[in-house]
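Note that subunit A is present in both complexes that follow, paired respectively with subunit B and with subunit C.
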Partner chain A sequence: MIVIFAIDALEYNLVEEFNCENLKQISYGKTDISEFSEPRTIVLWSSFITGQNKEDEILTKGNKEMWDTKIPIEQTFFTKFKNPKVIDLPGYNYDKNAHNKSRILLKNFFETDNKGKVLEEYNRDAFEHHRKVRDEFLEAINAKHDFVLGYFSVADVVGHLNFGHKEMMQSIYNELDDIAKQIRQKIDILLIISDHGMEGVGRFGDHSNYGFWSLNKKIVLKNPKITDFAKILLSLKNG
Partner chain B sequence: MARLRELENKSIFIIREALKKFKNPAILWSIGKDSTTLLWLCRKALPMGAKLNVIHVDTGCKFREIYEFRSRYTKEWNLNLTVAKNEEGIKNFSPEKSHFECCNARKTEALKQFVKKNNIDALLLGIRRDEHGLRNKERIMSPRDKDFRWRFAREKTATEEGDSPFESMQDIELDGWNIFATDFGAEADHVRVHPIINWTEQDIWDYIQKEGIPVVDLYFAKNGKRYRSIGCECCCSPVDSDANTVNKIVEELRTTNIKERSGRAQDKEETYIMQKLRSLGYM
Partner chain C sequence: MAKFNLLGIFRKKGKKTRKKSPDKEKEEKIKNRLRALGYI
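Up next, the complex of A and B:
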């Protein structure tokens, strides 16, 4: 079984700082996303699953419309598996409506004077969604799939408004590290990958210009591109 | 006081370096304490009788006290002052709708127009690192393109090492040796010069106290409140304070925990993130 633990905005420097051993696995490093003009979530995940730079194609849709992107399975490396399960992945089967509340709260945060209250609700909503995805992910790993990809947005969503809040970020990283710990023993190949990382802007967080990758195999990759992993995974699958 | 002397010497060196290297420099005077201190330093740095272009960007909603101060000291200091104003922006944008858009239209756009029209090749600004995170990253000489963006990095070649995929095209500033790059090629529309970037808020007030530099009355407490940072009237609010003289402000700063820009509605970090999230389609 091959599992991808896809974590939005997992920041290399924080994985190091909080020493998340399970996220680091055996081999890990930064990904090179410098071929993209901006670290955009939809563009990066779409490029990841197709092994091709999808930036031009996706940007023509528009900033808001791009979130509706659903790349057909035939264009992805998921076709190489018999019974793949993909959970909530932007660019593939991400349900924009399921994330609507978070968008509304985000907008409210910048418009309200009562920021504390909105922020609390925003964070609570992100954690609630996270728990739902986590349960579905762990359940899928225990079911009979030959491939599972779980997409986790909590580090990105919470990070944008709280990156300067170290304790909160540490609790998120500990939680993600704990999920990695739970699954890493059960599967043959585990790729943990982010689209981009995050850097602090005061109390807020902005996307950084590199991502994170790790594998439970000994492998040497020097600044791999996010589009390289489709091939890397398939070559590992085929031994 | 040795620290102030050192800071003053350094700033004067930077100002003179800028005056020597650039053909058409100008100083941006917002009339707050920092830019007034910078103007004071510029007047010390200039050769006798020489004049520097001074720009004040008028957003149309500055405090009355700021306009009064501007009139008085333009005359008293015999300044070569130009007031830059974007009338179109003032007509169409207001802070009630969006602080960021208002600031952009009334302030940034007005400055852009001025720089372009007058072929300004260097702008001297009174920003300081300790004001907020974004200014922390600034250099003393900071090139900008025509859209006011810092775009002086290139992708690394295959043989260049290091984690970042980019390499800065800006030469290293050897601050300790007073060596600053000032030539950034044709891509640089103009260069931002930051002579007081390493000063703190405390340094500024210590220096105002030592030199007797006049500042706008809004900084001094009235009825238990004073402004720590001033700009547009609609976007600034005073903080609790009883410091009604320079001496008392100097003392107050040694003990306060309140952030300098806490009274500024137009919080740059928040605006930056809001704009970024919007451009990424989050909102």
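Up next, the complex of A and C:
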């Protein structure tokens, strides 16, 4: 079984700082996303699953409409598997209502005077969604799939408004590290990958211009692009 | 006395500019970034 633990905004420097051994696995590093004009979530995940830079195609849709992107399975490397399971991935099959709700709360935060209340609801919503995806992901790994991808947004969503809150970020990284620990014993190939990282702007967090990758195999990759991993995974699959 | 009055008039007419707090500046910065990234 091949598993992708797809983590939005997993920051390389925090993985190091919090010493998340299970996220680092055997080989790990930063990805090079400099071919993209901005580190946009939908663009990066769509490019990852197709192995092609999808920026121009997605940006022509508009800032609002790009969130509706649904890349057909035929354009992805998922077709190389007999029974693939993909959970909540932007640009493919994510829960649009849940993610829209999160963005509305984010917008509300900047418009309200009662920031504490909105922030509390925003964080609670992100953690609830995380638990739902985590349970589905762990269940899928125990089922009979030859490929599972689970997408986790909590580090990105919570990080945007709380990146300066070290304890909160550490608890999120510990939780993600624990998920990696739970699944790594059960599978052949585990790729952990982020679209971009995150850097602090006071208490807030902005997307950084590199991502994170790790594999449970000894492999040397020098500044791989996010679009390289479709080929890398398939070559590992074919031995 | 005249100087005092002149200064008084100047202060009254002069535009008061209040510098934004560093936190507010960072909030504005992240809001603009999130808008540029299509989040809000």
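In this text, the second predicted complex is superposed on the first by the 239 of 239 C-alpha atoms of A that agree within 3 Å, B and C clash if a C-alpha of one lies under 4 Å from a C-alpha of the other, contacts with A are read in each partner's own complex, and residues count from 1 in each chain.
Here, a residue touches a chain if its C-beta (ideal position, glycine included) is under 8 Å from a C-beta of that chain, and two chains touch if they have at least 3 such contacts.
These figures come from a predicted structure and were not determined experimentally.
Look at A:67: by the touch rule set out above, it reaches both subunit B and subunit C. Look at A:207: by the touch rule set out above, it reaches both subunit B and subunit C. Considering which of subunit B and subunit C touches more of subunit A, the answer is B. Touch criterion not met for A:134: it reaches neither subunit B nor subunit C. In the superposition on chain A, A:110 makes contact with both subunit B and subunit C.
Once the two complexes are overlaid on the shared chain, A:30 sits against subunit B while remaining clear of subunit C. In the superposition on chain A, contact is made by A:40 with both subunit B and subunit C.
By the touch criterion defined above, A:160 lies against subunit B and subunit C together after alignment on the C-alpha atoms of chain A.
Shared contact residues on subunit A (touching subunit B in one structure, subunit C in the other): 38, 40-42, 63-64, 66-67, 103, 106-107, 110, 160, 201-207.
Of all residues in subunit B, only 132-134, 155-156, 163-166, 269-270, 272-274, 276-283 touch subunit A in the complex they form. Those residues of subunit A that touch subunit B in the shared complex are 30, 32-34, 38, 40-42, 62-64, 66-67, 103, 106-107, 110, 160-161, 200-207, 209-210, 223.
Residue ranges on subunit C touching subunit A, taken from their complex, read 22-23, 26-27, 29-31, 33-34, 36-40. Contact residues of subunit A toward subunit C in the complex are 38-42, 63-64, 66-67, 103, 106-107, 110, 160, 201-207.
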